[in-house]
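Pasting a structure here, questions to come.
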Amino acid sequence: MHKSVKTPLIAFAALLLFGGLLNFGVNAYIQLIVLFVIINSILAMSLNLVNGYTGQFSLGHAGFMAIGAYTSAYASTQFSFFSESFGFIGIFVTTITGGLLASAAGFLVGLPSLRLKGDYLAIVTLGFGEIIRVTLLNMEAVGGPRGISGIPSFPNFFFSFSYSCFWALICFFFIWRLIRSSHGRGFLSVREDEIAAEAMGINTTKTKVQAFVLSSFFAGVAGALFAHVTNFISPSSFTFLMSVNAVIMVVLGGMGSLSGSIAAAFFITLMPEALRSLQEITGVDLRMVIYSLLLILIMILRPQGLFGDKELPDIWRKYVRKSA
Amino acid sequence: MKNTIITFLAILPLLGACTKKSNDILIGEFGSLTGNDATFGLSTNKGLRMAFDEINAAGGINGKKIKLITIDDQGKSEEAASAVTRLITQDNVVAIIGEVASGRSIAAAPIAQKHQIPMVTHASTNPEVTKKGDFIFRTCFIDPFQGFVGAKFSIQTLKAKKAAILRDVKSDYSVGLADVFATEFKNMGGEIIADLSFQGGDLDFKAQLTQIRSKNPDVIFIPGYYTEVGLMAKQARELGIKVPLVGGDGWDSARLHEIGKEAINGSYYSNHYTTESTDPTVVEFIKKFKEKFNETPDSMAALSYDTAKILAAAIGRTKELTPKNIRDELAKTTDFPGVTGKITINADRNAVKSAVIVQVQGPERKYISTVSP
Amino acid sequence: MQDFVQHIINGISLGSIYALIALGYTMVYGIMKMINFAHADVYMVGAFTAYYVAKWTGLESSPGVSTLLLLLVSAMIICSVLGLLIERLAYRPLRKSPKLNVLITAIGVSLFLEFSGQVIFGADPKVFPEVMNQFVIANFGGLELKSSDVTVLGVSLIAMVILNFIIQKTKIGRAMRAVSSNASVASMLGVNTDRVISFTFIVGSSLAAIGSILVGMKYPKIDPLMGMMIGLKAFVAAVLGGIGSIPGAVAGALIMGLSEEMVVGYLSSTYRDALAFGILIVILIFKPTGLFGKYSVEKV
Amino acid sequence: MSVNLLEVKNMTMQFGGLKAVDSLSFSIPQGQLSGLIGPNGAGKTTVFNMLTGVYRPTQGEILLSGKNIVGMKPYEINHLGMARTFQNIRLFKNLSVLQNVLIATHQHISYGLFDTVFLSKKFQNQETEMHAKALSLLKIFHLENKAHEKASSLPYGEQRKLEIVRAMATDPILILLDEPAAGMNHAETHELMKTIARIRHDFNLSILLIEHDMKLVMGICENITVIDHGVKIDEGTPQKIQTSEKVIQAYLGVEA
């Protein structure tokens, strides 16, 4: 077997095994949370490409996710081919289409990023996200504020899990290998110093647009998965707060750390759910109060995020070396 | 120190999953206790708590106490979906009550259906909700009816020929109601001269109102929530618009007048019940609610109170407590004497009930008429 | 024609509200180069302070100048203290951290205030007390000019002039400019950076407090999330005008208010927010630092 | 075609009302090591920025191998064979020494995203090649043992050297060095100058060197252009410049 597919396949097999355990071991609620963790991981990893590796400041990730979600949901509900025989091909095609349309939008948003930096870019991407949301809100074809309901779900949990993991692995290995290639080093150079990168022959314009396009593709894929897991989407699912949540995951995990993004996705998805039990004790819902407080504390105590720009293996190695 | 905190933060999420066994009848509620729509979720919650407290105080159902498990969905659809999944699979509830907003009910209904757990919505008026499956019920009227009531009242009672609509595009409830109103109003021979929109949460509506003013409508139909309608009335009067405003049950709150002050006086809306009613059920409900919460119940509270009672009655009729049996008994609900009228569940699992038109007169709501389906 | 004038009046009155809040954003940004996301929530706290003070003192139903002053002062004090606390506890430890961290902390503070507000004040809306009686200042042919419209615009303009004066002409203003252009050099030259930043937060939070009361008078509905949308719009306005520039914030806010009004009045009421952002994007693409923003050549 | 590798004609840069560089003309023949000197604030770095496309000159022409490069993007100019270092060191600080050099070789690779993701033969071969080349360049400045350290962790002098290595990795024909010896002691400077002379020879490079300190430049440059206040005041061999009245005045005028 070619080594390029060997590691991903081993990882996939391991995850499938885990999925099999989950399939029988836990209830549907935990299963749903697991799926949200995977989807959020894809979201965080893809945003890391723009915010972490390329050093651009995007606050509009929810918009791309929305495009992916709407495209695939629309295809699944409108074209009988997909809904009747919601076979693997159909699912695959709708997911890819969602991703592609999202990346087309990413291209459009990437363009102004050529001229804007920092806070200005952040605000423009935020604006694009809002424009996408308001446009969806006003499109009768996709249900306006009612959104799209009755999106066919995946056949069963095991399928949802495997399929989401499949995309999460693609996203992970794609970015992982990209960053360790010359193309990826181009991304990093833009983050480190744009002027020096240009002087060293890097077409920074192209690089930035590329980052936006690739990142939006995976955001779109995450959206497609989200739509089919929740079976319902509406414009209010993709607000500014969702973009903020994505940025939080990236920074919390560590800018430029994929394993950090995944860890942060776990943390951010599980924490509010875990804190639900607290409500039974206190009587009032303090979840979001604690959540926001933790966010501030983490930023102050560990500004570089959980993993910094290191990956899990680096940290493992360091730890082992220290204790040996 | 730093490390301890970080370790603590890391293990926090793991403390989550733990299920308890209990001898109570577990009923789940999901609602917007925080977020932009919090006011409706909070009212709903009060109505439910009051109903179940009453039932438990009277000895429960067949000796068993009811335990209400409430989950906040923050007014987000995806949270509603996970909340319902949690209620069903983690907390093992036998029935679910919620939500006010049709959008979130639509998001949650397929999950309840999939797990074969009855779900009763007390205030989602969008027809789609109960079409999600035979475990989904509703105890309020639906938008087509309310839109019809609004149009009929405008044409027949207010003698309006030209109407302007101001809809909240963010709310599926508002959009649905506006659409029905427009169709019915035209069918009855009226003309829609302006159909403008705003977004829930907006503060300023003068741009829309200025445009409406130039078209001279006889009536303005605003299928929004009281949070915006109060401000809208104020601004409309400031702009010199004097025609009556007409709306739906989203207006129903004591705050409507507190925000809109005299500007909202004289406007009409369709509602589920009237506080002026002399029906002892209603009088008793209002009295007890005021004692408990020190405020006049709005229609969300009344509806959720009724829903809780209907559900409890259905549970009481079951021989064996299973979700399937509760569903079957719910479907048999006939002429239940609720605060919001006599409620019968029809074959589509919708409630057949009448609507009332009330007029805002300061803090009071003057009963104008009842429209039956 | 009458409609057009009405739209202009509406737009300016809406814009001047954005301006009051935008000034707070731009102040903090100008000095610290950070987006103080929590500003809009300090504004919310201001409104609730006024609400509770009026309730406890029983002034809810006795409108008048003294009521207004009492509420203004109490809201300004509470907001300043809150602003100082936020700066001291959340932002100061991060002063040397990357921008994104500071931004996330600011979002964290904002969420914290919003959700604590929902727990403490309750999530349902409250009715803001009547502070001043409204009267009609001028009436020309069906067009009424309300006192509240003029007050808000007047206060924003006065605030703008005073701020400009403080920054350009006073000692603390000079220190502020020094910190703004280079904080570390300023502190080497003996400027007490901490004090300057604290002062900035006091001024910014007081502006938020004033804004909250003026807006409360005009739109008497307050809730813990009231800052979210208006804050976002005001912030966009500040960016539009060139964030960091005081006249820019006011100009940006007025443009924002007017364009929103015109969009709804003449184009489409449904795309109001989208078009507001559209205008922002177009302006930034042609003028990347906003209307009044200083364009700095990056030193190579 | 002109025999000169670089030909600058009437290049002017105006910032608002200030003329930072005024109608500057000079040329560099193939293979020459030239110097550009002038007192502080004379506009030397602005000249570099215009040559490399960071600023667009308000007026004038810049011909590289006979081709006008005014208006081109910095990376395009770099692809044509002009590379530079920066006066206030602009390394990719958080990346390793090796990565810094590898980035500069990016323009020479031909593998695409597909090759990257599937780790194709092409990808592997080219990566191996790039690494080997980067290491061999690092060797010239004795940096090969630090290849995996963070660029920002290098001492100052080595950071300057790394900048030169990075510029060389783009395979330039003309390399612009902006005060390469700044902050180095006498011995280090001496060694650096020797290395510069050597790489010019080994890699067949033309070099343009900015130096604030006149004495340094005199040792290795073959031709020197002197500017002050954006205007060329003299040009010629080190011997000629050393005795030039105008040059001495310019330096004394500023430094006295």
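Going in written order, the chains are labelled A, B, C and D, and every chain counts its residues from 1.
Please note the rule applied: a residue touches a chain if its C-beta (ideal position, glycine included) is under 8 Å from a C-beta of that chain, and two chains touch if they have at least 3 such contacts.
In this text, all values refer to a predicted model and were calculated from it rather than measured experimentally.
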When you check each chain against chain B and chain C, which touch both of them?
A
The chain whose mean C-alpha position lies nearest the overall protein Cα centroid is chain A
Going by the average position of its CA atoms, which chain sits the greatest distance from chain C?
D
Roughly how far is chain B from chain D, centre to centre by C-alpha average, rounded to an integer in Å?
71
Dist(centroid_CA(chain A), centroid_CA(chain B)) in Å evaluates to 34
Chain A to chain D: how many Å between their CA centres?
41
Cα centre of chain A to Cα centre of chain C, whole Å, reads 33
Which chain D residues reach two or more other chains?
54, 86, 90
Where chain B touches two or more other chains simultaneously, the residues are 33-34, 169
By the touch definition above, chain A meets two or more other chains at residues 137-138, 195, 285, 288
Flag every residue of chain B that touches chain A in the complex, lowest number first.
2, 5-6, 9-10, 12-18, 33-34, 71-72, 74-78, 81-82, 85-86, 88-90, 102-103, 106-107, 110-111, 115, 126, 128, 132, 169-172, 174-176
Sort out for me which residues of chain A touch chain C in the complex.
51, 57, 112, 115-120, 122-124, 126-128, 130-131, 134-135, 137-138, 195, 240, 244, 247-248, 251-252, 255, 284-286, 288-289, 291-293, 295-296, 299-300, 303
Please output the residues of chain D touching chain A within their complex, sorted ascending.
52-54, 73-75, 78-79, 83-84, 86, 90-95, 99, 102-107, 109, 111, 113, 116-120, 123, 126-127, 130, 166-167, 169-170
Quick check on the complex: what are the chain C residues that touch chain B?
2-3, 6-7, 10-11, 13-14, 115, 118, 122-125, 127, 142, 144, 146, 215, 219-221, 223, 225, 228-230, 260-265, 269-270, 272-273
Chain A to chain D touching residues, read off their complex
2-5, 173-174, 177-178, 181-186, 188-189, 192-193, 195-205, 309
